[in-house]
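Okay, so chain A shows up in both of these, paired with chain B first and chain C after.
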Partner chain A sequence: MSVTDSMSAVRPDLIEKVTGRAEYVTDLVIPGMLHGFVVRSPATHARISSIDASVARSVPGVVDVLIGADVVSFGCWGVVLKDRPIMAIDRVRYVGEPVAVVIAETIEIAEVAAELVDIAYDELPHATTIREAMMADAPLIHEHHENLEDFYFKGGARPTPSSNIFHTYRNDVGDVDAAEAVAAYVHEDHFTFPAISHFAMEPHAVIADFQGDSLTVWAGAQTPTAVQKVLSRLFGLALAKVRVIVPFVGGGFGGKASVKIEPLVAAASWKVRRPVRVAQSMAESMLTCRRLGADITIRTAVDANGRILAKSARLLLDGGAYSDTGSAVATKSANRIMGPYVVPNMRLEACAVYTNTIPGAAFRSIGGPQAVWAKESHMDNVAAAIGMDPTEFRMLNLASRGERIRPDLRALDMDMSELIGRVTRSFAPDAQPSNRKAHGLALAATDPANTPISNAIVRLKIDGSILVSVSSIEVGQGAHATMAQIAAQTLKQKVSAVTVLRSDTAVAPYDWGTGASRSTVVVGLSVESAALDAADQILDMVAEVWELPRDGLSLVEGGVSTGPDVLTFHQIFHRSLGVDSGEVVGRGAITPRSKKGSLAESPLFWETSAALAEIVVDEETGEIRVPRYASAADVGRVINRVAAEGQDEGAAVMGLGHALHEALEFEDGQPVNATPIDYSIPRITDVPPSFDTILVENGDGPGPGGAKGMGEGAILPVAPAIANALFAAYGIRITDLPMTPEKVWRALQKRN
Partner chain B sequence: MLPSPFQFERPSTIADAVRAVGESGDGMFYAGGTELLLALKMRVIRADRLIDIKGIPGLDCIAVNGMNEIEIGARCTHRKISGDPVIREHVPALASLCAEVANIRVRNVGTIGGNLCFGEPHADPPTMLAALNARLVLVGSRGTREVHADDFIRSEMETVREPDELLRVIVFPRPAGPVTYRRFKHGERPSVNVAMTWSLNADGNTIRSARVRVGALGLRPQPLPVVEGALRNVAVAEARQAIETALPAALDQLEVNADRHGGADYKRHLAGVLLLRSADEAVTAGGSWLK
Partner chain C sequence: MTQVLAISFSLNGKTIAVDVPAHMLLIDLIRDRLDLKGTKRSCDMEVCGACTVLLDGEPISSCTTLAVDVDRLDVTTIEGVTPPDGLSPIQQAFVLHGGLQCGFCTPGFIMAVTALLKTTPHPTDAEIRHYLDGNLCRCTGYTKIFEAVKSLAGRQDAA
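Let's look at the complex of A and B:
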């Protein structure tokens, strides 16, 4: 097998990508297409006192300039709270907010003319941090909260009127006060977590083409059906008239989930009645969305033996200027600060808060890294406070398989002690911590919001080739290769016989979207079910036409075995239909009622991660190196090993960025490092030279072949594992990320 | 993220380039473009005309001249310098510096001259070239002049080069002792860097003179005269002790900005750490200098 063949067998998209043939939105040219350049707010919070676009409009090649006044009648949009205009109308709420779009024949003309749009602002008082936004006299960033119940997620947001708090989630179990009253020891910690940029290699790029009562959008969108729905509502178009096409996507990580710049570009096309393309730069995408920062107080009560009696946590999340899915991020952060431990009494509260900064958005394990950073750092602090070994403390309090960590969530479907054992054994006996090397452990068990709603179509053609249509996007994670493998395995055909169609809402049936580690399980089940439906149809055809008993028939490569003979698909279609043509169309649907309702309970599976980090600290500079790292996850069953390991390793390295490098910084709401030059992510030389990826397969997941979802777990334990190693070696506890050399050096100085 | 429109010229002689850049409107020399094009795209710099000097022969030579000096053409890329046999033989620390500047894309097209002329305080080469006592040869409409590397950068993003002066070549004496360069960075650019050169006496055991420069802390690389003085006529084996003794007073004299790279006290401390590590490296290298 040649290199290209073996690469294609693993991932059909790899050759296309490494040879530059793969098409992304930015590669597409639509006849008659114009180019838009977005003029952005330089103000943190201000009233727009005037906009004069006349000079810009007069530049040769400029077709028009879209401003807020043009889009007033469309009202606001949102996916949980309807709080966002298509672009700033009379007021800007963050630096970077779109205020005008210059639409021109070329991008060069649009960008030059953009400097000629004259906008005057009257500054308003601003609130740019959680603390400022929650002060009694804080300026209100939004006066009204229109709630869209069940629009995108089950349930809506719970805003506090006349405040900047746009969502509060509470969940109380048992009686925390009573438990604390009898506890042998109560320990409280406070942690903070910064805003972080998604930093996808492909910035947001969208082409929109308004034609009469229909709209076609090419976008690197993770949730094309959400984009379709929001555009349909905003512009009053039938869902069937809004088509969203998603070619290859160059990284999303949540930054392309829900809806981002699609309404803005669609409005530009609506204004000029021609296709309009907006291809943002990376710096512009850094002003478009980011992970929610957090401020977390966590308290644990233990008895004299070290058993946890109660835990309470208050999480405040910085949602930025528009809510997007920030309410869900807050709710999930509260759910993700618990496990995988037995905690009989709990008091959880999470609030999402508006600030005059870049809007918050979903990001790989929403609310997870924030919560796990606090809870796993806190676990080691509690263990130290009661004089227990941190691993022993965790083992003593672990919830076991089948146990519920909260009454309203599915019982644990995995054995965390197995994962701890695997990462511990991965560090060879000679890797005992020494004076220079220190080890830290951290665990996570999170509840993916993997809404069990998906449809798939699998078409088996007369020559044995197979077409799969799903809404899942190919964002580099290998979803399409995985769907091809599921279809091939179910239909007993070679994987090379399967083509997965580019995501297109006009072709693919409805699916909730790509995120929350749901595609392999939920979309995978719908593909499996569609393939089984296609198989049933072809087997029924043979049974009927050849008059053979149905149970004696089975699919084999290229056709159907009748026992003694193999009928090719050609023979089957030809004889059944009378002509040498045809196909069967298999349909698969997953709903909360599928599989006897077993998919309805949340979460569908627990996404897990255990990590052991070995660190070496340069005590003179404070720099942390991670020479060795082991990451374990219970994934049920691996379908595509290269893709699965890539997901685990990619998530861990992203977590390493959160741990040591990344923070999107603001001064009075002005982003100070929102460019790829000033914002620092890990390089390949920062990746631990010894990196062990352990995927535990017990075949007990709800997905095809017993698979569980994965891809978001490994990001979770990195920062606390490193922080715990630092604590073990030096007794210093870093409570805010990232753990920069300067921060570590200062902590070491303070200790001396 | 596109620059405003500009004219583009590609002269084939230095004289034509100098003439072209001096014509009306803002003209700028352009070679690697790794800093300039970014700044133009971000529209923090404007130019009406870019004068591409890549068509001028002879600007990318590296050689030892008749005065036992090393000459590096201003248009040499970091990659070229890092692999050049003359540099690897005589100033291996400069070869390693160039092999580690920024990232591979910058090293492949970015030039040492462009790096100097940009005047970015958080850069690697200026500190090293100042320690090497380099002279920069500028060719302008009013003739040719030489500027010491120490005097070249005036302030942040500002040099003494006139807009119509082209940096032609960088010249420095062939080192007569160990040369070291160390930096600390946690991001794209160095937070602090230290370059040190020793000239050894003929016996190879004592330091005749030393040059020490600390970069990225202030507006431009700064000398550490206290350390230089402490090293004069000191045995190589005692150099570390001499530096250690002089260090507190020397560090106090540094002008240090607090910026995104860290607080002033931290960066001052780092300068000391790097200097002592450089001393250890130089002592080791010094021991084998004459062998």
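Let's look at the complex of A and C:
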């Protein structure tokens, strides 16, 4: 069986999807279901002076209208800072904030009646950019900061009282001032990075059904147990009474992580005591969350030989109107601006700042693209300033395998020079840049927050079929298929014998969630452990009932080998239990103490990537084309090659969008282009015709079979690799993304 | 008062006669009234291609087409190109090449490729890219979609 032939065997989800049979939230119909339409704030920052929903309520077919006054008693929620009401109560903090939900028999009625909800606003002074929000006299977007320590991530935020800064992270190593004092050269740069829309093809959609003291939610949620926890706390329900079901999810990229519109839809169902569905439009989802924009100052000191003596970075992240996980994004951006280099002295500071704009959220490699954009563009600037070849400058300063790039983080578990070699060789034989074609290199080593907490259940049934229950969601990455493969391999059964259940907190045991490249490693290990537990039980059963030595028994396809004979699972259960039925239930758990505590150190593995971009610039228009691109990642071990390549290709093209096209723009807090017409993501014609995806396998990861996590690394080096190619060919340095034709053309004109 | 019109059209080879409000969109007719959920709603603005269906063999966006405008015409959805057992060659190619991840854009892509290969059984690389420029995918980076379609470009039985 070739690699591609195995795809249909190992990815049953693809069969469902390619035929249109796969069910997403909007394909579900819950009996008695009503439809909610969200009325949103048109104001950037305003006090709500009045809401009159009486006319809307009187429209035939409208069941009720949920407004802020209904939800006051539930208080606020959050996952790091408790800063967010279920919907705007007396004040709106961004354009697009939910102010009312019209609940009706049909979505058409709800949408028409929404026009009749009469809301008056009194404008407040606003702060819509990092700079405005950090001014001494800036209006406070939140007056108080309430930290939820260890709620979602370990630790919490560090807000500055009476300011819009909701988190500051600092990490100092050595003595930067002393190092700079003796340096041969010190170079400083400033970069900016815009807000970016997740643009998952499936907009956010949730159905909530409040019945008595229990709540069932169908959501395209990446972290169902976080949704369950937040809803449990908000509505005062036992965790066991809150059920979160996640059917197929049409793309997430972090935009469906933590908690998004679930509390709002749950409150609508609570109000009418019937199931309510809110299916957002793509434009509404663009108003729901976005990647944090950034303003980054970075400085490097080198000695006369080009060795880095010190690095300092200050990263300001635009967190939007509510914090969500913006504090973690800021912390990670500081961690992701260092490596993979040896830097003996470091001064890192990252702040997350509230602004009156769409709330920031996790997005594929949180804080990573922002940091790597600045760090790798800066590396080429430093190299140029000291007259060194940028690749040589990187090689000279590269941290090797086993070296720590910061004392508090796990030693590097990979060899970056191998990745550089692989992308360089990919461009051979015509590897030399020409007048027309320029090359740029960029590297990244990031620390995924993979949170080693997971549980899995693997049930082996009398007929040899296997059920796997995990909380990991299937969002296209192939997590369910990966879990099936791990269970099948561990139990020595065919993968077709394994069924992975749809994510459902009523069935699946606790897991932290789907994100941060963690599922293959952390959930995979818990599935492996559950499968081993099931194997132990069945082997013990044979040893006991057949009175055979345990160490002479082994699993084979369809049963247990005793050496001379094979007992089928059917024979084993029948004789052991006396009836023709039964199963063993294997349980697997991963905690920070698992594997002798080796999973506790952060990061669990380094997510790494190297990329080489070839660009051609149309000097008349400033348009950049990327005819050739090579991307390499160290993934430890590939479990499904097609799926793994697909992850990196998708990440790289998303990175291409960040590099050349995408920016969610605001004018005084008003979104300028938050619609699918005005905002462009890459199309098939934008993809480099020559695209090499290289996956390095050394079997040295902590996951099953030596796997590391992947899927977030390849987005990181794209923009700086292209910018470095532009710099190499034309000597122009773009410092704010995206590198639009206009920006490039203006830079070319200025140079001439 | 909303005007209601009687229309009759062929849906996946079956004649359908329904009364529809004049403003009803084809996507709502297909998904909500006729319960064919394979066609996906994404952008609502005819820019992403997720809701693509074939109208007399031509790909159109069902999110911006009025249901009344398909009167007496021939509509094909993803359900209409899926064999009762198994997969069409196009669907098979997408699975084998990994030309999909989350799957939300996939029915639209399958319909667009169906239309492409019907009129152009042996498309060039440029023709494939040009034809699929109106279908957005946020997951795959398109490389494996392109490979899937390219694998069909030389085949006789593809469409």
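Everything that follows uses one rule, which is that the second predicted complex is superposed on the first by the 743 of 752 C-alpha atoms of A that agree within 3 Å, B and C clash if a C-alpha of one lies under 4 Å from a C-alpha of the other, contacts with A are read in each partner's own complex, and residues count from 1 in each chain.
Basically, contacts are C-beta pairs under 8 Å (C-beta built on N, C-alpha and C of every residue); 3 or more make two chains touch, one makes a residue touch a chain.
What you are looking at is a predicted structure, and each value in this text was computed from that prediction instead of being measured.
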> After lining up the shared chain so the two structures overlap, which partner does A:I677 touch, if you call chain B first and chain C second: first, second, both or neither?
Replying inline: both
>> Touch test for A:D175: chain B only (first), chain C only (second), both, or neither?
In response: neither
>> Let me test your reading of the model: by the given contact rule, A:D213 touches which partner, first (chain B), second (chain C), both or neither?
In response: neither
> Touch check for A:Q477: first (chain B), second (chain C), both, or neither?
Replying inline: second
>> Taking the superposition on A as described, I'd like to know which of chain B and chain C A:E149 touches: first, second, both or neither.
In response: neither
>> Just checking: does A:E645 make contact with chain B only, chain C only, both, or neither of them? Give me first, second, both or neither.
In response: second
> After lining up the shared chain so the two structures overlap, which partner does A:S281 touch, if you call chain B first and chain C second: first, second, both or neither?
Replying inline: both
> Of the two partner chains, chain B (first) and chain C (second), which one does A:R21 touch, if any: first, second, both, or neither?
Replying inline: second
> Which partner, chain B or chain C, touches the larger number of chain A residues?
Replying inline: C
>> Output the chain A positions appearing in both contact lists, the one against chain B and the one against chain C.
In response: 281, 283, 675, 677
>> Considering only the defined contacts, which chain B positions touch chain A in the complex?
In response: 1-2, 4-5, 38, 42-43, 184, 186-188, 260, 262-263, 266, 269-270, 273
> Along chain A, where are the residues that touch chain C in the complex?
Replying inline: 4-5, 7-8, 11, 13-24, 26-27, 198-203, 248-251, 253, 281-283, 475-478, 642-643, 645-647, 649-654, 675-677, 681-685, 687, 689, 691, 693
> In their complex, what parts of chain C are in touch with chain A?
Replying inline: 36-45, 47-48, 50, 77-79, 82, 87, 91-92, 94-98, 100-107, 110, 125, 128-130, 132-133, 135-146
> Hey, which residues of chain A end up touching chain B in the complex?
Replying inline: 107-108, 111-112, 115, 281, 283-284, 620-621, 623, 661, 665, 672-673, 675, 677-678, 680, 740-742, 745-746
